[in-house]
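Chain naming follows the written order as A, B and C, and within any one chain the residues start at number 1.
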Amino acid sequence: MTKLYKGVDSFETNERKQLPFYIALLAFGIIAPILFPNYILQIAILWVMVLFAQTWDIMGGQMGYNSLGNVTFFGIGMYVSAIVQVGMVYDVGQYTSAAGGAVGTAASLAVGQGKFTADQYYEGIIYGILAAGVVATLFAPLLGWLLFRLRLAYFAIGSLAVALTAPELIGSWQWVGGGGGIAMPVHPGSADARSEFFYMLCFASAIVTFIFIKWLYSTRFKLAINAIRDDEDKAEALGIYTLRHKNIAWAISAFFLGISGAIFGNMTGFIEPLEVAFPTITFGIFMVAMPLLGGKGTFWGPVLGAIVFHIAKELTWTYLLGWQWVALGMLIIITVVFFQQGIMGWAQEKWPSKFGVVIDETAMDARTKEEAS
Amino acid sequence: MFGNLQILYAAPMLNLQLIIDGVLIGAIFALAAYGLALVWGVMNVKNLAQGDFVILGGYIAWYAQKTWGIHPIVMMPAVMVILFIFGWLLYITIIRLVINRDLFTSLLATFGLGLVIQQALNLAFGPEVQVATSGLETRTFFAGLQIAEIKVISLVLCSVLALIIILFMKRSRMGQAIRATSQDARAARIMGIDTDKVYAFTFSLNSAICGAAGVLIAMTWNIQPFYGITYSIRSFVIVTAAGLGNLPGVIIAALGLGAAEQYGGFILGLELQVAFLLIMLLGVLGYRQIQMAKLRQVVQ
Amino acid sequence: MTTSVLEISGVSKAFGGVIANNDISLNVPEGKITGLIGPNGSGKTTLFNSIVGYHPIDDGSIKFQGNEISTMLVQDIARLGLIRTFQQTRIFSKMNCVDNLLISIPHRESTWRDMFTPYDQETLDKAETLLEFVGLYQKRFLIAGELSFGQQRLLEFATALMNNPKVLLLDEPTAGINPTLINGLIDRLHRANTDFGITLFVIEHNMRVIMNLAENIYCLAHGELLAHGTPDEIQNDQRVIDAYLGAH
């Protein structure tokens, strides 16, 4: 009878030790919006951040391909969803051409901007989110083909270039509204109902991502991408299918980012290429900073980093308005320079035995004798 | 787009105009690219804030002109000194700590730095596009060919600066120390070279070079707090195309990029000029990949 | 007459103006231990790199079990069962020893479904057995990057064995190992050959090691094949002695 081996007994693989944290997260997610209804959208963004951090870490922390361009999938998902949602009811070209701007003007209302029945809305958003995930996933191997023969800094710069090119290209594509953007369907409910609806979408997408990634890291896939990170040449020299793993890793990130983009686009109400869909120097960099802060290459690191970063961001926005971007830039520099291993990395250095890094004093013979008896 | 192509075909003088404009501005790109190659080659730091240093230099010159009426060209040496000191301070506080770490660290640290500079400039001067006036005119030559005097002066200044730097690197002690360190830092240290000082000097020199480029950009083109990233990208395209340590290559690539951008901007329209630049970067990276693939290597 | 599992004919490789390998031909017999010696710079590692597909060769042919491999990529050659260890010892530094071994299982029959299953007990047992074989069992939960150099060498050897190779190319396996441990390593190399049936092709500088280990030795100098024979023949070959002592 074989027992499946999931890894050495460390905090990150011991489900019992992590259980309180799972419960804490779940409880927070369910109770917080009820306790703090005025902050419901900020907490929703927290879940978006957790998703951002976890998906980036698959590529960056676990596989060593530090992408500065993951936000590309976010934007692709956002636009795909918008196209599906609008396209199911109206003609997309006409809809976007009515001055893409003020919803509610005679011209915009004439082409139905923002006007969707409740049924159309919910149906559209479901299909939109699904389509967003699927299409974004298809772009991953395409970008991989373009960029996977680059390593380290070149990969980062190349991915950054892709993320900067996307809004420029979409911004000149008139069918999707060009630089003017697209007005998203308006939620058919009260402001409160709307907030709750989007909160649930953000929370649910974060939970699904969390569970999926937890499962993924218990399989051989995790060690394979770690091997690619630690020494890709050696991984190839052992016969590992590196390109396959790289594409799948990016496809997984792309899928969840696409879904996240679709949700976020709807939540914002109005999408446009540079600021909303492909915010490379904001969300794009947050995606990198959060896992670094929490500890890249670990499971809880990105989650922790997202929480700490989000809180820090909210505080600086409230108390340092005007200087918030400067403060945030400094936080990034300080993290990168002084605290590269992140919170979990620091914990692993301080308490290695808690993470399973121990010398086993029992000899092998003693073990086999024990098994035989 | 095709309409524009037809115009190019029909009007040879337009081609000449684009090429000349491209070369003139390419000279400034060459400066910034050389600085990047220097820092990259000596310290293995890929400075993503390169363009932001350029814009910073431009803003200092513009501000000096606006406030005290100092002509930007006169201000140029001062800008270089200010940015040299700025670079030195940055080195001591941040850069020194990221040099020997993994490559992603220096990339991200400089990116964060660029972010801070952009936002600080935005807070200080607002998001409007600014221009520094040179007080010089544009001359018209045969068949409507227009050349702005300031652009020619900028080319001369670029060349003079480049010459000074080359002589410095070849003849001076520090220049030799820099070249030794870039070849083998440990050996240099054993020989008694203070590599820390070499790194500081290199980074500050790059900063100063960017400052000079920025002053010229402010006069020949325009500046805005968030334009920095386009200059960083241009520098990367040039350095990736030419390779490190290949100064003639950097110059040719820079002039070529300048001309290519002018053509791209004309054929595809100005709103796609940045996209064109980015596609050039991806193209250069792609070309390198294909080159390396023949040797079964990867680009790193 | 034993078959040659690895046939190298007329292989040449130059880097720019430097000719690293010039028209080299040799055969590695199956199931035996073959040595490759030569002074520094004679082109031994370059030859290894050419064999495993690390770079294309300029001229010649390399056949593994009768199939031409000189145009194949590294991963494909590895999946055929030709594995190498590196001169500078490469291990997966951020994982522990057990994980290093687990990831080294052969991938040639791995399906898409295999990518997403956890490792089974059988694989874990094999990993632990190999770790015991190289004496790292007690240290198996330590992060590989924190082991001493000699221990990393042994770990790398274990990962190579884990991959069930048919032929193992070892690049200076005893370099940097404490002399007291070298006998143990020679013993393990013999056992890998006799117990696991792996053909070994070993680059070595340590004459005592290679003369005790290999049944058949090739000597390179200045990028060319200088001599070939049994350890006795090689030890008494004047050309080999001259190459090492520098008289030309």
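In the analysis below, a residue touches a chain if its C-beta (ideal position, glycine included) is under 8 Å from a C-beta of that chain, and two chains touch if they have at least 3 such contacts.
The structure displayed is predicted, hence computed values, not measured ones.
Visitor: Higher C-beta contact count, A-B or B-C?
Guide: A-B
Visitor: From the centre of subunit C, which chain's CA centre is farthest?
Guide: For subunit C, the chain whose C-alpha mean is farthest off is B.
Visitor: Calculate how many whole Å lie between the centre of subunit A and the centre of subunit C, each centre taken as the average of the chain's C-alpha atoms.
Guide: 42
Visitor: Could you work out how far the Cα centre of subunit A sits from that of subunit B, in whole Å?
Guide: 34
Visitor: Based only on mean CA positions, could you tell me how far subunit B sits from subunit C in angstrom?
Guide: Centres of subunit B and subunit C (C-alpha means) sit 47 Å apart.
Visitor: I need the residues of subunit A touching at least two other chains; which ones are they?
Guide: none
Visitor: Spell out, as numbers or ranges, the residues of subunit C touching 2 or more other chains.
Guide: 73-74
Visitor: Quick check: what residues of subunit B touch more than one other chain, meaning two or more?
Guide: none
Visitor: With touch defined as at the start, can you tell me which subunit A residues reach subunit C in the complex?
Guide: Spelled out, the residues of subunit A in touch with subunit C are 2-8, 216, 218-221, 223-224, 226-227, 229-231, 233-242, 244-245, 248, 297, 356-364.
Visitor: State the interface residues of subunit C toward subunit B in the complex, per the touch definition above.
Guide: On the subunit C side, the touching residues are 53-56, 73-74.
Visitor: Taking the touch rule as given, give the residues of subunit B at its contact with subunit A in the complex, in rising order.
Guide: Touching subunit A from subunit B are residues 46, 48, 94, 97-98, 101-105, 107-109, 111-113, 115-116, 119-120, 122-123, 229, 233, 236, 240, 269, 271-272, 274-275, 278-279, 281-282, 285-286, 288-289, 292-293, 298-300.
Visitor: Which residues of subunit B touch subunit C once you look at their complex with the stated criterion?
Guide: Touch residues, subunit B against subunit C: 294-297.
Visitor: Subunit A touches which residues of subunit C in the complex?
Guide: Answer in residue numbers: 52, 73-75, 78-79, 83-84, 86, 90-96, 98-99, 102-104, 106-108, 110, 114-124, 128-129, 132, 137-143, 159, 163.
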